[in-house]
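One chain, chain A, appears in both complexes that follow, with chain B as partner in the first and chain C in the second.
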Partner chain A sequence: MSEALARTDPVSGLAFAGQGVTLSLAGPMARFSLRTRQPEALEQLLGIELPRKIGTSHDGAACLGPDEWLLRAPAGTTLAMGTGLPLAITEVSERSVCLIAEGARAAEVLAAGCPLDLDRFAVGRATRTVFETVEIVLLRTGDMRFEVEVWRSFAPWLSMALESAARPLR
Partner chain B sequence: MSGFRLDQGGRVDRSRSISFSFDGVTYQGFAGDTLASALLANGVLLFGRSFKYHRPRGLLGAGSEEPNALVSVSRGPGRHTPNLRATAVEVYEGLTAKSQNRWPSLKTDLGAINDRLGMFLPAGFYNKTFMWPRSFWDKLYEPAIRRMAGLGEAPTQEDPDHYGAVYAHCDLLIVGAGPAGIDAALEASGTTKRVILIDEQDEPGGGALDDPALWSWLKESLKDLAAAPNVTVLSRTTAFGYYHDNFIGAVERLTDHQAELCSGPREKLWRIRAGEVILAQGAIERPLVFAGNDVPGVMLASAARTFLQRYGVVVGKSVALMAAHDSGWRDAFAHARAGVNVAAIIDVRATVDAELLADAEALGIAVRLAHSVTDVHGRLGVKGITVSPNGGSAESRIACDALLMAGGWTPSVHLWSHSKGSLAWDDALGAYVPDQPNEKVRCVGACSGKWNFGSGLVIDTLPTPRDQSRIKAFVDFQNDVTAKDIHLAVREGFKSIEHIKRYTTTGMATDQGKTSNLNGLQIASQALGRHVTEVGLTTFRPPYTPQTFGALAGHAQGDLFQPTRKTCIDGWAEEHGAVFELVAQWRRARYFPQGGEDMHAAVNRECRAVRSAVGIFDASTLGKIEVVGPDAAEFLNRMYTNPWKALEPGRCRYGLLLREDGFITDDGVSARLAPDRFHLTTTTGGAARVLNMMEDYLQTEWPELDVWLTSTTEQWAVIALQGPMARKVLEPLVEGIDLSPEMFPHMAIREGTICGVPTRLFRVSFTGELGFEINVPAAYGRALWERLMSAGAALGITPYGTEAMHVLRAEKGFIIVGQDTDGTVTPNDAGLDWAVGKKKPDFVGKRSLARPDIAAAGRKQLVGLLTDDPAVVLEEGAQIVADPAQAIPMTMIGHVTSSYWSEALGRSIALAMVEGGRQRMGEMLYVPMPDRVLRVRVSGMVFYDPEGVRLNV
Partner chain C sequence: MLLIHCPYCDEARAEIEFAYAGEAHIARPPDPAALSDEDWTHYLFIRSNPRGRHHERWRHIHGCGRFFNAVRETVSDKFEVTYKAGEPRR
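Then we have the complex of A and B:
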């Protein structure tokens, strides 16, 4: 067995820094799509607590729909698959990458293409939305910090679009 | 007074002189001037030529309603903007503007011959005249008409500017920063509401800008608003459209008024979602309709007052007023008080307010009541007017160099109408006013119809002793529609304003009839002898004023136009000289030319490598859906045509997906990983559609099923290794999977690791060779590809692209949904009956397959075609006939869907849809081409290795 395979990311680590906003790429992490109509069964299986209110997150789990959660966990995390239970656990660790927008202008930069009312999008909120035509999952992880989950093939475009919105008006 | 600029007054900054040019002549203006006010100050009255008759035209208005003074502004390559209203163009140092629709010059325009031929150019003239011969239209009539009648020239170079866009949210959006809008904003400034106040002009104030008495109030109010942290004031911003749920589109102009080009965005698109909207759009004064009302120097009284009090510019040295409304009197008085000679006030009404008469007398202004202007003298500018008593024929002439018109006020209900608010007719105003809202919106100020401009008479055309059919009294100035044209339309039988509008084009110019709609309506109403409300009402639609395409496109230009999706292996392909093609949004490597190869040489080499050694192919774009849950097999059994419940874990199956109508919509090989877990694949272009369709069925038809769908297209990089040496390349790299044919047969899946990363390894083939599709987490795709390339180097591993993939699959008769099918092809048509479960009680599309015309004989069927001349490759899409000797148009019995040179067979091959195709095996058919007729023989679809021995090794 020769040396381990190297990872390739669709965008470089730091897309933009300056003018009150930093755009960067989060490190690798494990991601799972969790689906069920019986969240208790999932909680019991995984030993975690799932938020029940759509659009909120708790401890890495974001409730995206009535029967859907996105669980983000440290890279390498594995889960029981719950075979036979009325639920579905699908690993999607590499389906998306996470772009981080941080700084006083972070909300302004996102508002260039995201139709959500970010003033009313409190810390801890998480939702599936769009940036222009591209689907994203947006999480507010701090007053001036947003995380944007985007499918990897859309990441270069999104990164460019965010950078274009962040570019200072010279 | 020097020239037409007053010595003092106005809001222009007289300390900042600005030099600009119009039609090549350099003029001076002041900071704060518009192009219109600056040119007026220089005595320029002539701004353009009219659309149809090429009549000389000056300013009618002073704001964005201006129909006449359209100009083009150029500021370097690619920065050419036609059809700007001179009244809305701010002057800056070096501004270069040109008039439009004239040749060779504005003063001498050869097109003006149309004016004298006017009697031959009635409404509908072009439609009636240029009917025949049809062939003349494209080459002669249309280009000639376009040259003669037109607006400015569209820019031809790429726009070097960029444009911003933003979503904004507020609790209260106020459109229009006149006194009413500012009051509404002040009222909300003490609350916690987020307020946005937008205004189209270069400074907020609206009507207050024309009234020096309000300037100190304005200054204080704006200071208060600036200090209010919850209020955002946007100037130079036009709310152009009002959409559902209080969504308002607005464009902010950022750089067009600046002398220095800067690198920031030129304009910014604001997409505003508002809790509540207050419309304070104001009102626009109506012109009066009489002969000569379009001579340069005849303008709205309110516009003249704006030029006087806001810009310190007089529109003439001796002005007259033609009024049907009180407000014009006050505009005339303002002129008199500023030292301008007011030659006369003519009012069509017999009685007016005594106070107005007293003021006129005090100012020494001659008044003629119950009189009307019946003619205007001068062609390039007013030299005088003729007035007659209403109902009489006596004429008297009054010398003046400008004529003001006061026809009453039309509330601006544009955005209200966009929002689908209803309108009510107000007889006193002679206008429609907002009635019931359809959104959370209300109107304040003049646009609500409740502003006191004084009273007036609503009149369609001014009385004249002259023959109405021989005079040009303009209604729509921009589209050159006269009162006579509307009468003609009524005589020709048009009864609805919607039809009259389209026939005469009144209200259909770029100004959407801001100054003309109601006059047109009144004239039609009078001609039809029916009340205005019975004649109808045309609807305002976005945009309120013309906007640039750049602003609407926002940042969707260049690389940001739309995402180009690339796989994790795309970078390797690019570094190795791949030629790409777009498949849906994906960019895929089409072939990898080496050493100057053309496409055919490269594809032939790639095909040879797959058939003789091993090829490597990036299949990452394949759509993938993970179907998980206790009811997963049941769900797939209902979706796909073939049975899925008995498929053992570890095995794969070809799935065929129909729509409800029984036609093929997608296909792909899918694997059962566990009793409750499937890994589906779809076509590259079908991924999103298939997931949506499956979700739709799951959520609406079978919500009781415990199964969930997750798109995993991007989770996995997929590398296809195809060819007799494929196993040899793979064997040393894989752990935990026995690759032997006995343990890992064709159409199986195994999980294990490859080069240390987890893999879902499929043994499948889209080429007819021994083949594997290696799925690994996407981040490792590129590194694995490189590892495979070096591992297979000694065995002749060759990257191949989509073109070779197409050839290889066609040699085996594998269809591509969307190429060999077109949405009207059933499984039977495509020769895929084997993939339809005959014993299944139901599946999506099953019922449609039993419809009589789906089951009927003679449908087109997919077959192979072999050309008589093996070197000839048919054209895809070519039509097929049975008898080439028949007369044109021939009866076409089919068409070619796929056609390639097959390197393996040393000849061309093709697939085609042919009527009753499978009954025609061996039959000779014909493909007529422009230069010859090709003979083809109908064959089976599997051209290469029909026994499939190469697969099972």
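Then we have the complex of A and C:
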């Protein structure tokens, strides 16, 4: 039944291109919130390696806090739920969308509203932070490529704000 | 921009990512029923409010999500040190 429902995106696929930066919407993907104080148990259950340092990512898993990871995987991925184990796996695929900022000016555009020192935010890093007052998870997936996870209802505003930062002043 | 060192992220981050959460090291009385109204009032409402070193709780709410403790100079607004929740008072 649910497969028959049309999936809609809160913003258009390509928001902006030009001036050294492209802003686009990533395709659908599976997202999971992983919580545990025993990451070994999660690793054993899922057969993956979790980064231990907060603010880093590895193989699609971002360590957001001492007991919290965000796992992003291809759309349709399902996970064992780990019933009985001291951990929580929650599917949050449609909670957020991912905006991609790519190009030589990507860091500059993000710096318009994000307080992180992006010069020192190396490839592979990932953290929860803010853009202006909107909470985001920012991932640096390339030297000139950032991915911004944002809750769906905030996406139209964030997309517009990034586009405003990307456009040259007239 | 004021930077605060999060002891969990082990990184100085912008104040906008944090939320203030009141004075630190105020333990809930183990047996509230044994307290007089006056003592309970003191526990609930009375804070030290010093001019100088202040022990306070902060939460890295738009970051790792953790509560931690900080010593802040209330005159200069300078953070002297931050440390993880549960660690002894500095």
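Structure notes:
One rule holds for everything that comes next: the second predicted complex is superposed on the first by the 166 of 170 C-alpha atoms of A that agree within 3 Å, B and C clash if a C-alpha of one lies under 4 Å from a C-alpha of the other, contacts with A are read in each partner's own complex, and residues count from 1 in each chain.
Basically, a residue touches a chain if its C-beta (ideal position, glycine included) is under 8 Å from a C-beta of that chain, and two chains touch if they have at least 3 such contacts.
Since we're looking at a predicted model, the values are computed, not measured.
Looking at the shared chain after the overlay, A:141 reaches neither chain B nor chain C.
Of the two partner chains placed around the shared chain by superposition, neither chain B nor chain C is touched by A:77. Within the superposed three-chain model, A:56 lies out of touch with both chain B and chain C [touch as defined at top].
By the touch criterion defined above, A:64 lies against chain C but remains apart from chain B after alignment on the C-alpha atoms of chain A. Contacts of A:28 after superposition on the shared chain: chain B is touched, whereas chain C is not. In the superposed model, A:130 lies in contact with chain C only, and not with chain B. Once chain A of one complex is fitted onto chain A of the other, the partner contacts of A:152 are limited to chain B, with no touch recorded for chain C.
By the touch criterion defined above, A:115 lies against chain B and chain C together after alignment on the C-alpha atoms of chain A. When the two complexes are overlaid, the chain among chain B and chain C that reaches more residues of chain A is B. Shared interface residues of chain A (contacting chain B in one complex, chain C in the other): 115-116, 133.
Here chain A touches chain C in the complex through residues 54-55, 64-66, 68, 115-116, 127-130, 133, 135, going by the rule given at the top. Note for the complex: chain C touches chain A at residues 1, 8-11, 13-14, 16-17, 62-66. On the side of chain B, the complex with chain A involves touching residues 162, 164-169, 194, 262-265, 271, 273, 555-556, 559-560, 562-568, 571, 586, 626, 628-630, 674-677, 706-708, 710-716, 735, 755-757, 777-784, 787.
On chain A, the positions that touch chain B within their shared complex are 1-2, 4-10, 28, 33, 35-37, 67, 81, 83-96, 108, 111-117, 119-120, 132-134, 151-154, 156-158, 160-161, 164-165, 169-170.
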